[in-house]
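Chain naming follows the written order as A, B, C and D, and within any one chain the residues start at number 1.
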Amino acid sequence: MTGTLLYGGAIGLVIIGLYAIVARRHLMRNIFGLAVMESGVNLLLASVGYRPGGHAPILVAGAAPGPLVDPIPQALVLTAIVIGFGVLALALALVVRVRQAYGTLDNRAVARRLRAENGEARS
Amino acid sequence: MSQSLPAIIYPVAIPLMGAFLLPIGARRMAELAGLFGRIVVLLSFSTSLALAVSIWTAGPAVSAMGGFAAPLGIVFYADRLAMLFLLALNVAVFLFWPRGQGAKGGPCTLMLALLAGGSGLILSGDLFNIFVFYEITAVASYGLAASGRTHAGFAAALRFLILGSVGSSLMLIGIALIYARTGTLNLADLSRIAPHALTGPVGLAAFILLLAGLGVKAELVPLNTWVPEVYGAAPARVSALLAGVVSKLAMVVALRFVVQVFPGDGAHTVLLVAGILGVLAGELAAWRAGSLMETFSYSSIAQLGMVALAFSISGAAGIAAGIALALHHAVVKPAFFMLAARWRGPVGGLAGAVKDSPLAVWLFVILSLSIIGIPPFPGFWAKFLFLKAAFAAPSAGVWIAVFVMLAGTVVEAAYLFRAVLVFFADGERGGSTPRFAFAQLAPALGLGAVLLAAMVFIAPLGASISGMADEASNAAAMAARVLDRGE
Amino acid sequence: MKSAGGYAPARIRGHERNHGKTVASVLFLGGLGLMLFELISAVPFGSAPMQVGQAIAGEAFARTGADNIVTAILLGYRGLDTLGEVTILFTAAAAAGMVLAGAGRGEAQGQEAGFIFRTAAWMLFPFLLVLGAYIIIHGHLTPGGGFQGGAILAAAFFTPLLASPASPFNHRVAILVEGFAGLVFVVIGLAGLAKGAFLTQLLGTGTPGALLSAGSLPVLYVAIGLKVGSELAGLMARVFGEGSARS
Amino acid sequence: MSELDFLFAFAAVLIAGVMCCGRDGRAGWAAMAVYGAMLVAVMAAAGKVAGGSIPSALGFSVLGHKIGWRMDGLGWFFSMLTAGAAFFASWYAAGEWGRAQPGMKTQHLLLALNVAAMLLLVNAGDLLSLFIGWELVSWAAFAMMAQKGGPAQPAAMRYMIYALAGAMAVLAGIMIVHAVTGSFAYKDFAAAFGAMSSGMKWLLAGLFAAGFGVKMALMPFHLWQAAAYSETPGASSAFLNAVSARMGLFALILVLVKVMGLSALAGLHVPLIGLSAKGLLMWIAAFTMVIPTFIALMQTDARMLLTWHGIGQGGYMLLGVLVGTGLGTAGGLLHVFNYATYQMALFLAVTAVIHRTGTSDLDRLGGLITRMPWTYVTLLMGIIGLAGLPPMNGFVSKWMIYRSLLDSGSAFLLIFAFVGTLGTILSVYKLIHNIFLGRLRPQHEGVREAPWSMVAPMLALGGIGFVTGWFPGLALNLTDIAQAAMGAPELPHGLGGVATARGSLNMIWVVSILLVAIGFGAIVFYFLGNRRYEVNQLNNYAGGHFLSPQVPYQFSHEFYPGLARVIGPWYRGSIVRAEQGIGTLLDVSGDLWRGIYHLAWTPLYLLAATVIALGWAIMGGM
């Protein structure tokens, strides 16, 4: 039950995030979606390491207090969170610039202006 | 059986240190930053070269980071294939080192980060570590895509970033799936566990998820919608680097996954379909493209589709063909981008370019002939290897792939020579097309020289590529080198 | 139409909705959700094989001397990942700096916060600093470490900036710190080459549970903490308003 | 060094020489001398290739395959044609014509490159070197066609697309052969072909026939050639017309006839129709004879008219070779030789007309016989050859082809051949009439004969055509060598022609009697009943009406209006529409893909692709 809930929740977060990316045109919402999606993925990764009855993988005085949960996914998640943060920061910086440049954050309008500037007019 | 070579970390560590140091000085001495960066790249290149020589003579090398042996810690695995692309990356970064623009050494820092990330990507033998290095490469590419600091550059970089991050998240889900099934992240370990733990739909699904991430960089259809936008908006040097080498790194990583973790038919079929779609989409869209820059963006999609097609043929022959195609494209396409950067705008406006810049036009002709695959040029031998591998393992999908590729070649010739004929047309306004400064043309000329040299030394080149492919196709030997080291 | 730095309320032009796209998205997303769930359920919750994890849990303490096994993995077994993530943060900061250079300053950030916030921000500063340092230094013993501590350090520097945007943020110091901290990480790693491989433990494992134990791991964590702190602070200061660096 | 190495060395020296000093006015003469030397070298090798083959030192080993060159009888025959055609083309271009041309250095260079490429092709030692030569020839010809710029470029572009599509078919065929036999050697292919499944045989025969057929403009692929060849500058165009399209025939002979074998092709049956692969190919050749010939009839440009004929004549050659008897093969090969002489003469003559008048539009010429008599004589000899009438050599080869069709009982094909010849006669009359006969245009009153540097090679070619028509044995000695190398049955012949059990031809008698008759006619005309008187060509009046120079009394446009109405529908045939259709399909699908890249919803593609692939994985894996 806990597992279903955790897995379902994680996947639900991924789907919600993806919805904001795929179906919404506002670039800021897309970036929020990215953040939500990443949390979902991280949750999924962390849940993979669960062991029934496991403790946090910290030794007390050099000995384990009992069965431990898998420490590797925890380390991975930690890394993934920081990576996500870096990407998010860069995205926000770009958003500031795009907003300044085009006066809009409508993905479609941005894409149209972008192509016009690239000289991809229909031949 | 395999040598332990801890120094294999240098190609990652040297540019990394350079990247960390560069911004400190760059604020004050902006001119020196570029020079410093180049020195770092040269240092990294010479180290890589020394390592490559050692690996060429003594066989593949393994290094366990922190002394933690294979399945537990992170392992670098360097064979000839990895060293080849490592050297290519170093050379490309040196050739396409940013010039002129950039805020206080920003692009230089990103370039070094890209070099470090790309080197790690190609050397790493650990699934999650590959993800980390992939992300370094990706973030550096996003930044470099915006390094022209134009409006279009920012917008293209942002759209690229969103797409790439979605892909990366899916890739991470794939990694989670694999870890949940096998409990290990080491590729060598996986190659032993996968045959019984990663069977059925889960294994294939994991591969698809991984490819959804890698495919964004590797320009696989339909994950490559960023390509025309970014290559059109970014500085030409960045486009050249991304299309020329970075996309191939992602492709080689995908190859490692296929060989070591997903040797089944399913993964090959996925690559095959992606490749067929890539060739179709790239060649057809390029046929209708409005400018040279756009043409080459689409054409690079098609070329990477061909690499995917080659890698989808299991066995050493397919890998050899893929390496040859990738290597050839890595030489030719950056040169094309450098030319297209000067010849922006509609192709029709370039009439009579042969009078203004004969050297560039003739280079364009030679590159075109090679990429189409006209016999004496190396491009032909790459396609030749592909066809040889394809017909050696015929199946319905392969027949379609061969047909699509050959038909695509015709379309490719049509759009390239449409441009060539425009260059040679007698423009009524002589001297109306842009001329090249030597510095602008130099990297392209260098690559052209490499191409011609490859033409002369095609026989030894072919032999060493096939040796490389033999080495890279033998998953069992790779696993043994990494895991059974008797330490 | 607008000035370069204009931040008029963002509105999407034309409110027409593309229903086809929404429907397609929902269908695909539903499919993806079901399939992902199906795939992940193939490994029942809590039953994933823990091969490598188990092996590491067994030997980590003996090899590294860190009580916190996650730390042992982060800095020992998977130290390269950590170097990588620091690099990503660094790269993102460099890229954001490049992107935002000369962007000008938005008028929204120009306003000072209220008195309470401003005062609290400066009063919090030393406490956050100490807390951050504590978390970093005890990373190998307790939950926590360089990232968590670094984030708190960054908050220490960033909160005053939020309170009064006009106050200067010294990017030069931030860059200096992040650069040298990164360098220290790589140099420690390279020093490990002398003992066999990149990032090999340098000092002995030490007494279990003591502050000075687990070899070079705490040193690495200090470097990471400083680097993450300076990077986060620098990044946020940049996104918040490049103008403050120049004024 | 063997003779073949000398040939390659000559070609290389020539390319280098032209590159460094091609701008010099004497470059054309020097090039002519080198081609002459090549011709001598080829002729000197005749004895050696008759019994075997000449190896070349040229060769390399790449990707585990050895590539080499070697000259056998067939390659020798086509090498000779190549060197000869280049000799006459550069002779023609060496003098005044070349000086009047812009960018003559480029033309010299392209000619030299074409010759080198063709030598590499016809002396290829295995399938891989054959393909290398094939591509080189295609691209060298493309450069030659596109060189002039202007309207030549779209024509060259069209050629390039056709040629490359053909080359890709050939490449696929070669690689399939390699996959089956594990080698690129002709003999391994020949040995393995018999044991292949009939589907594989069809596939290979189809790929090779289509790929090589493009170059000789066989029927469904014939659209490119006329426009591309006629836009090429004169001397180069004559060269292309004479030998370039024949490279397709060479390759077809080599792969389909020599390696696969006609009997194997005859054993491949098309279901339902009861036709074999060989029969199918013969019918394609027959249609190639007839339809392009009648399209030629519709042309109003002299060069277009001749190049469309060139396509039709290719059909005769292929038909003759495919008959497979000694007579047929010799006829086909002899027609290659004969065609090269008269087609080149015709093209050079037309170029001379263009040189003097600036046009080759048949509606804007006329009456040049008094101004350019030697050009007229050349053109007359050329069209007699083209129409296949005695005393020119074209008669001999066509007679042999008719005869072999008759012997093999292919009555319908014979009728097609006759119909094609009928069309040829009609259209060549149009050619000579509209240029040389009728009323001189006022603007051409000051036209002079072309200089001797141009007239001499024209007359020399006409002379060769006449001499080999009178003594066909001279040319049959050459085809013998090729025939032996093909493994075709031998054809007994003498100096005057062939003598077979079921009929013989002795041209010495035929021509001699004809000449005597003409002599009698001349005596009667000039000495006995000479009632002619001369008027100024412009000083005409008809039916009591004085005509102004602006209104011609004699109309040369719409020459065959009745026939044109009948032929019209073929001319705008379905093949043109098919070509347009493919082009449109390409454009539309290109726009479609490009449109996909132009939509803003990029992540949706990623999502959709992932979901579809995952769905496939889960469904397929369960």
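Quick note on the criterion: a contact is a pair of C-beta atoms (placed from the backbone, for glycine too) under 8 Å apart; a residue touches a chain by one contact, two chains touch by 3 or more.
Source: prediction; values computed, not measured.
Novice: Looking at the contacts, which chains touch subunit A and subunit B alike?
Specialist: Correct list: C, D.
Novice: By mean C-alpha position, what chain is farthest away from subunit D?
Specialist: C
Novice: Looking only at C-beta pairs in contact, point me to the busier pair out of C-D and A-D.
Specialist: If we tally the C-beta pairs in contact for C-D and A-D, the bigger total goes to C-D.
Novice: Determine the chain that sits nearest the middle of the structure, using the mean of its CA atoms as its centre.
Specialist: B
Novice: Averaging over Cα atoms per chain, report the distance between subunit C and subunit D in Å.
Specialist: A distance of 73 Å separates the two centres.
Novice: Just how far, in Å, is the C-alpha centre of subunit D from the one of subunit A?
Specialist: 66
Novice: So what's the Cα centroid distance for subunit B and subunit D, whole Å?
Specialist: 45
Novice: Could you state the distance in Å from the CA-based centre of subunit A to that of subunit C?
Specialist: The answer is 14 Å.
Novice: Quick one: which residues in subunit A touch 2 or more of the other chains?
Specialist: Only 14, 18, 21-23, 25, 30, 44, 48, 70, 72-73, 76, 79, 83, 86-87, 90, 94, 97, 107, 110-111, 115, 120 qualify.
Novice: Would you mind listing the residues of subunit C that make contact with two or more other chains?
Specialist: 21, 25, 28-29, 32, 35-36, 39-40, 43, 48, 50, 52-53, 56, 78, 81, 84-85, 88, 91-92, 95-96, 99, in rising order.
Novice: Among the residues of subunit B, which are close enough to touch at least two other chains?
Specialist: Those would be 128, 132, 135, 139, 142-143, 146, 154, 157, 159, 162, 166, 173, 176, 179-180, 183, 185, 201-202, 205, 228, 288-289.
Novice: In graph terms, nodes being chains and edges touches, is this line, ring, star, complete or other?
Specialist: Its topology is that of a complete graph.
Novice: Which residues of subunit B touch subunit C once you look at their complex with the stated criterion?
Specialist: 6-7, 9, 13, 16-17, 19-21, 23-24, 27, 63-68, 71-74, 102-104, 106-107, 109-110, 113, 116-117, 120, 124, 128-129, 132-133, 135-136, 139-140, 142-143, 146-147, 149, 154, 157, 173, 176-177, 179-186, 189, 197, 201-202, 205-206
Novice: Report the residues of subunit B in contact with subunit A in the complex, numbered from low to high.
Specialist: 128, 132, 135, 138-139, 142-143, 146, 150-152, 154-159, 161-162, 165-166, 168-169, 172-173, 175-176, 179-180, 183, 185, 228-229, 232-233, 288-291, 293-294, 344-346
Novice: Can you name the residues of subunit A that touch subunit D in the complex?
Specialist: 18, 21-23, 25, 30, 107-108, 110-112, 115, 120
Novice: Which residues, counting only subunit D, touch subunit A once they are in their complex?
Specialist: For this pair, the touching residues of subunit D are 598-601, 603-604, 607.
Novice: Show which residues of subunit B lie in contact with subunit D when the two form their complex.
Specialist: Subunit B reaches subunit D through residues 159, 162-163, 166-167, 170, 200-202, 204-205, 208-209, 212, 216, 221-223, 225-228, 266, 270, 280-281, 284-289, 298, 369, 372, 374-376, 380-381, 384-385, 387-388, 390-392, 394, 402, 406-407, 409-411, 413-414, 417-418, 421, 424-426, 458-459, 462-463, 466.
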